[in-house]
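What follows is a set of structures for review.
Look for chain A in each of the two complexes below; its partner is chain B in the first and chain C in the second.
This part shows the complex of A and B:
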C-alpha cells in the first residue's frame, strides 16, 4: 500500500492508501467516479484513457492511465475531461469538436480533447511556423485511435482553433 | 603434383579451424539460457581465438531480445521475445527517451508494473541510433562495440562496466512477466567481456 495525494482538475484528493497494483484508470473511475476517462485497450495503444499532467513549470503532457500505477501520480497535478469546461462553458476546443462533428460514439473524445489541449498549451508557450502546423497537429494526435469518424475531423477542429488565433499559436 | 602444397595447406588450415571450433564448442557448450565461464575457454590455446570465442559467448546476451529490443536499427523499439514493433507506436526522439508527447517514462515507471505488464527502470530509454544492433551479425556488433563513434564514446573498460554493472542493462536478467531473461547472470556477462578485453578484444569472423 502507498499513500496517494493527487490534484485533479484543481482539487486535491487524498492522502489515500491505495494498492501498489492499482492503475490510475481504476483510481479515477472506481475510486473517484471520474468516468470521463475511458478504459479502452488496456495497453496504452488507443489512448482513450489519456489525462493531462501539468508540470510545475507550466508545461504539460498527456499520460495513459490504463497501464500506469496510480501511485506514480502521487504529488502531481492532472486534468481530466471533466476539468475542461468552467461553470458549464465549454472550452474553445470542445466547441470546435462539436462544430466539426469530430466524434460519434465519443469513447475516444476525452483522449483527443486532452491531447489537443496539451498541443494548444504547448503552442501558446512555443509557437510554430504556419508551414509546420499540419505536421505538428498530426504528430500530436498520432497515438490516439478513433473507430467512428476517423481522424480528419479532430485534426480540422484543432487546426481551426489554432488558425482562429494565429498570433497566439503561430510564428 | 602441382596441387599438393595447396592441398596440404588446406588440410592444415581445416584441421586448425576444426580444432578451434571443437574447443569453442567445448568451452561454450552451455545451454542457451546459461553462460560459460571465462575459465572454461582456457583450453583454447590461441589467444586471439580464445578472445573471439569469449565474445561469441557474450554474444548470447548481446543478441538476446532483452538487449536487441532497445538497440533497434530504426527509431522504434521492439518488444517481447518475438521482437515485434513497440505498441503503442513510439519513437526514440532526440535523446532516446521518446518524443516530447510520448516520453518513455510516461509509461515505463521506475520498476515493472506487473498488473499491466509494463517493464520499468528509472533510466528506460533506447540506445542511440549509432548503437543499433538490429540486423547485424555478431562480428559486426563486435566491431561496432569497439568503435567509440558507435558505442557512445565508451572505452572497452566502459563496455565491460555497461554490460556487467549498469542498472538498466541489469533489468535484462530480471525482466519479469513472461519475458525470457538474458542468459546467465549480469556478472557472468561482464566477466566474459572483461576476459575478452584482456585477451585483445578480438572479434569473431
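This part shows the complex of A and C:
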C-alpha cells in the first residue's frame, strides 16, 4: 500500500491508501467515479484512457492510465475530460468537436480531447509556422485510435480551432 | 461515392464513410486474425499484433466522399458504415496489382508480402 495524493481538475484528492498495483484508470473510474476517462485496449496502445498531466512549469503532456499505477501520479496535477468545461461552458475545442461531428460512439473522444488540448496549450507557448501545422496536428493526434469516423473530423476540428486564432498558435 | 438512401444526418454519413474507408485500409493492408496457437485465440494479443489504421495510415486531407441523392425520393435510409469498406479493399488490392504485377489472393497484403514479390 502507498499513500496517494493527486490533484485532479484543480481539486486535491487524498491522501488515500491504495494498492501499489491499482491502475490510475481504476482509481479514476472506480474510486472517484470519474468515468469520462475510458478503459480501451488495456495495453496503452489506443490511448482512449489518456489524461493530461500538468507540469509545474506550465507545460503539459498526456499519459495513458490503463497500465500506469495510480501511485506514479502521486503529487502530480492532472486533467481529465470532466475538467475541461467551466461552469457548464464547453471549451473552444469541445465545441469544435461537436460542430465537426468529430466523434460518433465517443469512446476515443476523451483521449482526443486531452491530446488536442495539450497541443493547443503547447502551441500557445511555442507557436509553429503555418506550413508545419498539418504535420504538427497529425503527429500530435496519431497515437489515438478511432474506429467510427476515421480521424478526419478530429483533425479538421483541431485545425479549425488553431486557424481561428492564428496569432495565438501560429508564427 | 455512395448512395445511402435519404441521409438523415449528412455529417454522420460522411463520418461513417471516412471511418469505413479507414477500416477498409485496415482490412486490406493491416488487420489479421490468424487461426491456431499463435493467433489471437491465445488471449495474449493486443493492438500490437492486431494492427488497425491510424491517422498516419490514411489520406486524411485527400479523401473525397460524394454522397449521391437517393434514387427514389421516398426511399428509406439504407444504412452505411461497414458498407463503405467493400470497394476500398478491392481498389487497394487492384492498385497493388497495377503497381507490382502480382495478384495477392489473401488479406492483409502486408509490406513484407509486397517486398517479397518485388525481389
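Here are some notes:
As a working rule, the second predicted complex is superposed on the first by the 171 of 171 C-alpha atoms of A that agree within 3 Å, B and C clash if a C-alpha of one lies under 4 Å from a C-alpha of the other, contacts with A are read in each partner's own complex, and residues count from 1 in each chain.
By definition in this document, a residue touches a chain if its C-beta (ideal position, glycine included) is under 8 Å from a C-beta of that chain, and two chains touch if they have at least 3 such contacts.
Predicted model only: the values in this text are computed from it and were never measured.
In the overlay built on the shared chain, the residue A:48 is in contact with neither chain B nor chain C.
In the superposition on chain A, A:114 makes contact with neither chain B nor chain C.
In the superposition on chain A, A:155 makes contact with chain C only, while chain B stays out of contact range.
Of the two partner chains placed around the shared chain by superposition, chain C is the only one that A:134 touches, whereas chain B remains out of contact.
Contacts of A:72 after superposition: chain B is touched, whereas chain C is not reached. Once chain A of one complex is fitted onto chain A of the other, the partner contacts of A:142 extend to both chain B and chain C. Using the contact criterion defined above for the overlaid structures, shared-chain residue A:101 touches chain C, although it does not reach chain B. Looking at the shared chain after the overlay, A:61 reaches chain B, while chain C stays out of its contact range. Looking at chain A, you'll find residues 42-43, 45, 142-143 touch chain B in one structure and chain C in the other. The touching residues of chain C, when paired with chain A in their complex, are 9, 11-12, 14-23, 46-48, 52-56, 58, 60-61, 63. Of all residues in chain A, those touching chain B in their complex are 21-23, 42-45, 47, 61-64, 66-69, 72, 115, 118, 122, 139-140, 142-143. For chain A in complex with chain C, the residues that touch the partner chain are 41-43, 45-46, 100-101, 104, 134, 138, 141-155. For chain B in complex with chain A, the touching residues are 87-89, 99-103, 106-107, 109, 113-118.
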